[in-house]
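See structure below.
We just call them A, B, C and D in the order they show up, numbering each chain from 1.
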Amino acid sequence: MGVGEVREAEGYRERIARRAAMEIEDGMIINLGIGIPTLVADYIPREKRVFFHAENGILGTGPSPAKGEENPMLCNAGGFPVTLMPGASFFDSATAFAIIRRGLLDMTILGVLEVSEKGDIANWIVPGKRVPGMGGAMELAQKAKRVMVLTTHLDKNGRSKVIRECSLPLTARGAADLIITDMAVMEVRADGLYLREVMHPYTVADVIGATEAELKIDGEVTVFE
Amino acid sequence: MAHTGDRFDKVVSLEHALSYFHSGMTLMVGGFGGVGNPPTLIEGILEKGIREITLISNDTAFPHIGVGRLVTERRVKKVIASHIGSNPNAGAQMTAGELEVEFCPQGILAERVRAGGVGLGGILSDIGIGTIAEKGKTKVTVGDKEYLLETPLTAEVAIVHAKKADRFGNLVYDTSARNFNPLVAMAGDITIVEADEIVQIGDLHPEEIVTPGVFVDMIVQSKGVNWRWAWEK
Amino acid sequence: MAHTGDRFDKVVSLEHALSYFHSGMTLMVGGFGGVGNPPTLIEGILEKGIREITLISNDTAFPHIGVGRLVTERRVKKVIASHIGSNPNAGAQMTAGELEVEFCPQGILAERVRAGGVGLGGILSDIGIGTIAEKGKTKVTVGDKEYLLETPLTAEVAIVHAKKADRFGNLVYDTSARNFNPLVAMAGDITIVEADEIVQIGDLHPEEIVTPGVFVDMIVQSKGVNWRWAWEK
Amino acid sequence: MGVGEVREAEGYRERIARRAAMEIEDGMIINLGIGIPTLVADYIPREKRVFFHAENGILGTGPSPAKGEENPMLCNAGGFPVTLMPGASFFDSATAFAIIRRGLLDMTILGVLEVSEKGDIANWIVPGKRVPGMGGAMELAQKAKRVMVLTTHLDKNGRSKVIRECSLPLTARGAADLIITDMAVMEVRADGLYLREVMHPYTVADVIGATEAELKIDGEVTVFE
């Protein structure tokens, strides 16, 4: 199946992942969260060599194994079997988070429940409803050199997830650097949230209309096909 | 450390190992999403009817996998974990007020277990500063920066899953089943290892040993994983 | 972490590595009694004329061995160590007021280096309570017990000696030359490895790697130990 | 050379070590300090299997290697080449001291500058004179299950090293359990220091006369040949 065909079949999750992959540079150490972030790995061009970090103690995870060739002990942090790249290493959970806290992750790619125009992230608790726990998200959001948030622009009830102030308990303050949704690409800067790109077929007006946060514009807003 | 007889042969029967478990105990378990949870010891806990457990574990795994089974069968009264999302029974029991849950950021949980295991009085961290994870924690200022005081964790019994153990208790792990296991192995007042393979002293290379046997009190032979993984169809 | 070009080939010349050293720097060195001190990098520091070093090291080795040579040649203005007894030059310089020495109990020094390397804000310990080792340290009470607050250590440059490094920086050590090296490897703002053998990525088994390469910035080829050991006649 | 001959040639250091070895039980994990403590290993009967712990990161050191067969990297904490026993392991210095602080050493055997009747130990600094540093002695003295002190009874100036109160800065308070010197074997109990044995040819009066600390006697004082 060629690239064109992939795009034909592409849903919004895949498009977000494809756009996110463009942010990845050769040589990066990256942690991928569960959900849309996991899909990013499929869109990284072969010439960009990256090491994926899994918080359960692997540096250098590779693609999923062929069916029947799984080692049930060799899984990513989401619990799914993985393979290894050359140069991979195993270590305990304390070292996995030493790498994070020491600031050695070039990028972490996370899903969220809410993200604010200041870069505040909420993704671990909906009081009284869902309380999955923070897992490693606090460390990842607080300590990675670059935090990329991938999310649908709206929640199931049609409300903006990109907002002025988070209403849910925070995972980390001022953590997000770039937000990629099914409608737009937005950059968190010191003076506010900037709209950089809109996802085809949405217009700038569509995105501004769907966003509770204040969106600033500085220069051209391009369209991502 | 419990004196279980011969320091140079710590292999015991499952029954003997289980004699150190009791209802109301604190139990620490190595593993992450079920991977690295010791299946035979967990089965033994269920069969022996141990209840009212205070569980320290990265997560509550899945409903029918690993340590998740203890939650599903309502053997746990409190859990200290970073994540319970993959086991809906944990969330439901928590919401119903039947299970007390103390959340801890995952890397801090790892360091708290390690701190207990290596005999420190606590650690200082800035993880969770400015969030509700601060709640109830002492703040300590070092230089001009504020940190949260995180307390060490130990347990009456710690159980781990190793790939190989020699009879002294030197351990190696299986790929990513290492995760919390080497930390948990240090943090038990009694540490019991379930090993897939038990070898003679001298069979492990000194450089490959991850956990020195001095941390281990007892070793039981694993009967292998007795659940289907979530990814298996 | 210094960006030194290709993350997948961190091997550099000794000259390039030495360009990150300067007089007045903080320098952390792996090793114990000279064993595990990186000989080629130490020789390079001497030849380059680096002075006024603040040295963090378990000990000052022996007068003509390893890191001891930096003291003997008066390149060190301050040392944070657990022991200087095997290097009489260190003691003499200290007594003469030429060398500042901060003593730290050995296991606490190891934990302070680790705390710096793993990004903690400090650790609490009861080691040295009731002795002059308390001096100048903040006390923190946890429960009903008093602990000393021990601060993390990092350095501008950390140097370690490995048996093997692959080009990503994954490391294995040689028997007891491991000692402080894996801790020091984590605690450098720049970490430079001297390796006896440099291998290709993929040549080390994922289970045998002690230090993941992500902690390493540069690798230089060792020219081997250039001193006689104290036990050699 | 038979045992009798060894004793013929035996100096006070060897006799202290030989007496100390009698305290060692099968299965123990033991740390030996530099000096006389190092000699203890030579006197442990073969049927008592012990694991020696070295604070530079070895559990299970064995005898010295044959000349010419040394691995210069494989040394004990004193810097001398060692061999390994079956079951030995390597670890970093943090783990070496985790074992100590966690209380997993059954015994540590230390030299001292002074030891008090309360078990206070001073062995790392003579202010203004010798300042070697504490190395691992604070952790060892404070945390081992049993602390055995081996020392000459008198210092070079003929003054008692077993005293009421240490005059030198302490390594650890109330740490010593058993003190073995070239003159006597003494036990530290909650209510004071008890003389248990005298070393041939010394008498109880000799030992009491040479000891600044108060020596209590409870039952028979035996003679160690």
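Everything that follows uses one rule, which is that a residue touches a chain if its C-beta (ideal position, glycine included) is under 8 Å from a C-beta of that chain, and two chains touch if they have at least 3 such contacts.
Remember, predicted model here, so these are calculated numbers, not experimental data.
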(message) Just the number, please: Cα centre separation of subunit B and subunit D in whole Å.
(response) 36
(request) Please work out the Cα centroid separation of subunit A and subunit B, and write it as a whole number of Å. (result) 29
(request) Quick one: which residues in subunit C touch 2 or more of the other chains? (result) 111, 118, 120, 125-126, 175, 206-207
(request) Would you pick out the residues of subunit D that each touch at least 2 other chains? (result) 90-91, 94, 97-98, 100-101, 143
(request) Draw the chains as points, connect those that touch, then say whether the picture is a line, ring, star, complete or other. (result) other
(message) Judged by the touch rule stated earlier, which pairs of chains are there in contact?
(response) A-B, A-C, B-C, B-D, C-D
(request) Would you mind writing out the residues of subunit C in touch with subunit B in their complex? (result) 111, 115, 118, 120-126, 140, 142, 145, 147, 149, 151, 172, 175, 206-208
(message) Going by the contact rule set out above, which residues of subunit D touch subunit C in the complex?
(response) 54-58, 70-81, 90-94, 96-98, 100-101, 125, 128, 130-136, 138-139, 142-143, 169-173
(message) Using the touch definition from the top, list the residues of subunit C that touch subunit D in their complex.
(response) 32-36, 58-59, 62, 81-86, 91, 94-95, 101, 103, 105-108, 110-111, 114, 125-128, 130-133, 163, 173-183, 210, 225, 229-231
(message) Give the list of subunit D residues in touch with subunit B in this complex.
(response) 26-29, 49, 51, 53, 59-60, 84, 86-91, 94-95, 97-104, 143
(request) Note which residues of subunit C are touching subunit A in the complex, please. (result) 1, 6-8, 117-120, 166, 168, 170, 186, 201-202, 204, 206-207, 209, 212-215
